[in-house]
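Scrolling down, you'll hit the structures one after another.
One chain, subunit A, appears in both complexes that follow, with subunit B as partner in the first and subunit C in the second.
== the complex of A and B ==
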């Protein structure tokens, strides 16, 4: 700005005229920006597309290095192999259960915490908010939390997957800010004049007005549950309770394929070959559910995150 | 004489007024609390959760100063003072863990901090709506992919037999290498796959800050003949500096913690010399080992948390004084 101000009058007129039509320098800058964005997108997309293609390609041709971008020798064998592998199917069911139950419990807790804390003049509000926020900066740590879960007798139960990480303080802050912005004080007073209790107001007025933030919370918690593996690693030893991520870790990263999980013994012969391909299709299976949900709620999600960041 | 009577005359009035105000506010407080009992009732469940899963573990931290055993429980175990902290600081693991953790964290910070800012500035500048929207949709996507799958992707893509990276360097005549097992590559893999995953989503917060830039500023700058790059530099960038400072403070507070799940997933026997960080060590001696050392592991974890808290406070003070923006 200051540079343009110090130009001699002639050149300045030139600059003003040029601003209406992009100057050469501006065109180059815009071209660079478009290229940079294009490269960002390519870098993000390439690994995903490659794995998708490899998962539906012929195993031998993947191993021979013929797959670069598009599938070579289309086949769905790798996906059929998934259904032959018992623990993948059962853990997929477990993951769905944890994601749905965990999201519902956590969203209810978050709404219950966020609404009272969004109300003006609630005595002790600052203190309670402080108690929530402090846990973001300091925590008991891994072992003491484990001991609490142990003491409550939650080890090796489905509750161990849902309860310890039920409430995310960050979500409480975002949700509270949403309430402060969308539920004006006048509305609360109007409700009081009409003799509405706080429960009634929350149920009949606040919740119907908060569908976007409820969607954001549900999605956020569900994706978090779907993707988490560490809770299962430390709290669960019973294989029937394992979520998908733990099984994915065993197969993808530790390369443990358990022959007993494949009931059909004739398939064992191709096991070694299949194992590599199973990896590609498993990555797709682990990746797809969150990616399918998210474009539908992305708008709300971004808006929620933005509202939270404005005042949070 | 006159002054004393003056004060005597005035003080009873003042104290009475004070008392009345105090009584009034106390009644008001009680009344207000009773009127809002339903709001407190709503808070009950979240507060119970907070007490059990956040503050009970904080109380449990005292086992760092005790010789914890399961039979005696937290309170019954004998006190040992700073024994476990001393043991950790003097252990041969100490400097290696600190070095690995801090290196990894700082590398990650330097490499990945500017990327979302650049991305947000680019997204904000382009005028083709469909392009910007699809670029956002694409770059956010990896945020929703789990750590296990991201590490799985790394394993598959860099596999010595079939991985695409090895085919690529094969084209230039280099032999296949086991990238995941190469301790020299561990940090690069960790940091750049992290950039891949978080860049898009981290840009959201900067985009939010950019929406607060009034368009008049840009119009005035155009009239003054400022080029596009100059406008980005002088108008857009200053608008996101406060947000960037706050994120930086938060980041410094967590200098002794890294993406623990991911490090654990990427570890193998070949890269352990650089891949062992404080958090994974705590997990290993505290939970994964055959003879879990609860107290020792808790002490190391507490050491890390306290240093993190101190650094957070220091960084915040520093930022408030020099950058005029802070967390609190």
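== the complex of A and C ==
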């Protein structure tokens, strides 16, 4: 401050300017970055706003193309109509159930698998890890998997949605890396010196230090469950157990297909009205839960995913 | 998402293709697996068949029901219980939000109460392709129900699984017990030919749904009659008049602000049958026709090229929407439902609902302005309506009984009971029907038989949609009451089809029938058809939009070479063989 104060006014301005002013190239770069990010943000935001607006607009006016940004003819009929369909309401509940239960079960399994694999002393570690990775590239295929689920008596139970494919090897690898990086061997030794058992150490030391990776796992698994329909399709034949995605598929995709396959126009009309009425409100219902969860997991998410994936 | 990595990769797609093909690794395994798990059930099935066949009789006719003169179709009778002991069948069905829970569905309860047959439902969710994936998995795993209801097996799939012994040949039971179906087969003499596999066996209980206007669905287009009046012209009859009308629409700019689209098409309703039938008979994809007993394709003929030139000139003049090959139905709806005035003077679509909202209550609704554009007469006098004689009407696979079923005879009688008039009405419509009074008229202007409140289709959980076996003859369908104050779209649809399309139908011998392929043929056919379809559709789009010039001999010959290389010949040989099998 005092040094600058002794400089003649012209030179002082120069010094301050040089420290703050961006070069031309920097300015252009920043402008490009902001434009690109802005466009990207728009590209992501616009469909969401459109769907939200369309879902609270008069369906006739949506079909007429009058809605392009804000709602036209505000109404909540589309949301009320959802409650007319028992299968949609119950499937929403099922989806929440599967997402929560599936995420918890899968996260516990992942932590239990990843921690031992992150420790140096585990005998046969390479072999076990190899076996895990093997399943990433080769799988038994649909029919054998179906047979296993069938023979285990899981078909048509909620367990069929939670147990098969519960564990994602990808998540195990991320979690293992996280443990290797954040829980140094020295900490384990310190624990042992103090008389802590392996389980005690895991429970008292590892878990409290692993909030970010637990959050990441929970989120990955929950979103995976929320979006998945294939297991439900293959393993469930009781409508009361169906998750939302299966019902969504049926309404949104089925009613779009080939009108010439449909022998009856009144049926076609019925499907069309159903789809027009419910399309957007269903999409909104389908995206709300993940949207609600993201902000809470966000801060852990970045940290956990970065540490887990960067250093291997 | 990470979970995806763990899911059997690519399998859904593979089985999806398999669904279309009717064969897959799953199937091969299926034959094997079911071979061992099924031995015990085959015995019981045989025992069921061997039981002394009770002479089956139908209940007495209901006297309250009015029938028009010369009526051919289902008759209302008192349904008799089919069994006194408690019988339960396990049946796999599709989930459908409009049907709701099959267990609590109104028709389920009614049918059980009438027949005494209890059904335990397994419901499969998702799209039709999803459903086939699941069904293939079930079959492969030997996890087989007593029957499949409303699952869309193709004729080739029925034959494949039937020949493996997985699906029961119901022919003998139909002959012994299905009195209603027997009558329907007399009413529709082609039925047996259409439902039997190449080995003369019948692997599914059929449904008959003779939808009159559906027979003209492939080439149907619509024009705004109010606009035609405004420009002082008449409904076009020839290709030239069609062009004149579209030009006049464009010139008069009836939508305003230069937004007028004289005629629109969209990707889900191919426009080629509309534009080609003035030049040659074009039934639409896969463009197979029969000429003097020989199977042929339409898309490499010189007349096809003439059609391309016509399509190209219409498009070149801006008379057809730019996005005719890419627009989806939502887009078409935006053109048709545009606030104030519609943007389109006409559209190629199966019915009004594809490009407009249908308001059946409003006598001045916009959809009522649009009338079916009759098949156009080409410069050489060709004028075909591409009438569908064979694939509309008799449908296979409504009820497929498997070898797991211990009492196939009873299940056949259960299916046959659904051919009774009241059961039909409740099955596809629901309990809110009413018998027509004497003097009330139906869609065809004769005495009506029954009527529904126009809002029936907004209710849920009351019917089985159209999944079950039923017998809806033409007279039955056209016997639906039309109320002067409640004008549904069925009547104009029927009348315009009858007046404008029926007179121009091509001879029935020209239509390629729904044939059944064996396993090898099906695999080959599927690949060839996919490739041919891609090439023909793409080239049609290119010729029409001017990316290729149909007047240029080089471009046309290149196109013919391309389809030749893909394999028109082997494709036709295969279809010819199947066609000959079909004709016995």
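Heads up, the rule we're going with is that the second predicted complex is superposed on the first by the 261 of 312 C-alpha atoms of A that agree within 3 Å, B and C clash if a C-alpha of one lies under 4 Å from a C-alpha of the other, contacts with A are read in each partner's own complex, and residues count from 1 in each chain.
Note that a residue touches a chain if its C-beta (ideal position, glycine included) is under 8 Å from a C-beta of that chain, and two chains touch if they have at least 3 such contacts.
The shown structure was predicted, so the numbers you read here are calculated from the model rather than taken from an experiment.
Asker: Touching A:61 in the superposition: subunit B (first), subunit C (second), both, neither?
Answerer: second
Asker: Which of the two partners, first being subunit B and second being subunit C, lies in contact with A:143: first, second, both, or neither?
Answerer: In the superposed model, A:143 contacts both subunit B and subunit C.
Asker: Of the partners subunit B and subunit C, which touch A:168 in the superposed model: first, second, both, neither?
Answerer: After superposing on A, A:168 lies in contact with subunit C but is clear of subunit B.
Asker: Could you tell me if A:155 is touching subunit B, subunit C, both of them or neither one (first, second, both, neither)?
Answerer: second
Asker: Quick one: is A:239 in contact with subunit B, with subunit C, with both, or with neither? Answer first, second, both or neither.
Answerer: In the superposition, A:239 contacts subunit C only.
Asker: Just to be sure I read the superposition right, which of the two partners does A:33 touch: subunit B = first, subunit C = second, or both, or neither?
Answerer: first
Asker: After superposition on the shared chain, which partner residues are touched by A:112: those of subunit B (first), subunit C (second), both, or neither?
Answerer: first
Asker: Thinking of the overlay built on chain A, is A:82 touched by subunit B (first), by subunit C (second), by both, or by neither?
Answerer: neither
Asker: With the two structures laid over each other on chain A, which partner does A:223 touch: subunit B (first), subunit C (second), both, or neither?
Answerer: Both subunit B and subunit C are touched by A:223.
Asker: Decide which partner touches more residues of subunit A, taking subunit B and subunit C as the two options.
Answerer: Ranking subunit B and subunit C by residues of subunit A touched puts B first.
Asker: Going by the contact definition given at the top, which residues of subunit A touch subunit B in one complex and subunit C in the other?
Answerer: 63, 65, 135, 139-143, 145-147, 167, 223, 227-230, 234, 249, 253
Asker: Taking the complex as given, what residues does subunit B use to touch subunit A?
Answerer: 29, 32-33, 36, 38-43, 45-47, 49-50, 52-61, 63, 74, 118-119, 122-123, 125-126, 131, 134-142, 144-149, 151-153, 155-157, 159, 161-162, 164, 167, 170, 196, 199-200, 204-205, 207-209, 211, 220-231, 234-235, 243, 253, 260-261, 264-265, 279, 282-283, 286-287, 294, 297-298, 301-302, 304-305, 308-309, 312
Asker: Which residues of subunit A touch subunit C in the complex?
Answerer: Those in contact with subunit C are residues 60-61, 63-66, 84-88, 135-136, 139-143, 145-147, 150, 155-156, 165, 167-171, 220-221, 223-225, 227-234, 236-240, 242, 246-247, 249-251, 253-254, 256-260, 263-274.
Asker: Would you tell me which residues of subunit C are touching subunit A in their complex?
Answerer: The contact residues of subunit C facing subunit A are 1-9, 11-12, 15, 25-26, 29, 92, 95-98, 100-102, 122-128, 130, 133-134, 137, 140-141, 143, 209, 211, 213-214, 217-218, 268-269, 329-330, 333-334, 337-339, 349-351, 353-354, 357-358, 392, 395, 428, 457-458, 460-461, 465-466, 488-490, 493.
Asker: How about subunit A: which of its residues touch subunit B in the complex?
Answerer: Within the complex, subunit A touches subunit B at residues 1-5, 7, 12, 14-16, 18-19, 22-23, 25-26, 29-30, 33-34, 36-37, 40-41, 43-45, 47-48, 50-51, 54, 62-63, 65, 68, 108-110, 112-113, 115-117, 119, 121-124, 128, 131-132, 135, 137-148, 152, 163-164, 166-167, 172, 197-199, 202, 223, 226-230, 234, 245, 248-249, 252-253, 276, 279-280, 282-283, 286-287, 290-291, 294-295, 298, 302, 305-306, 309-310.
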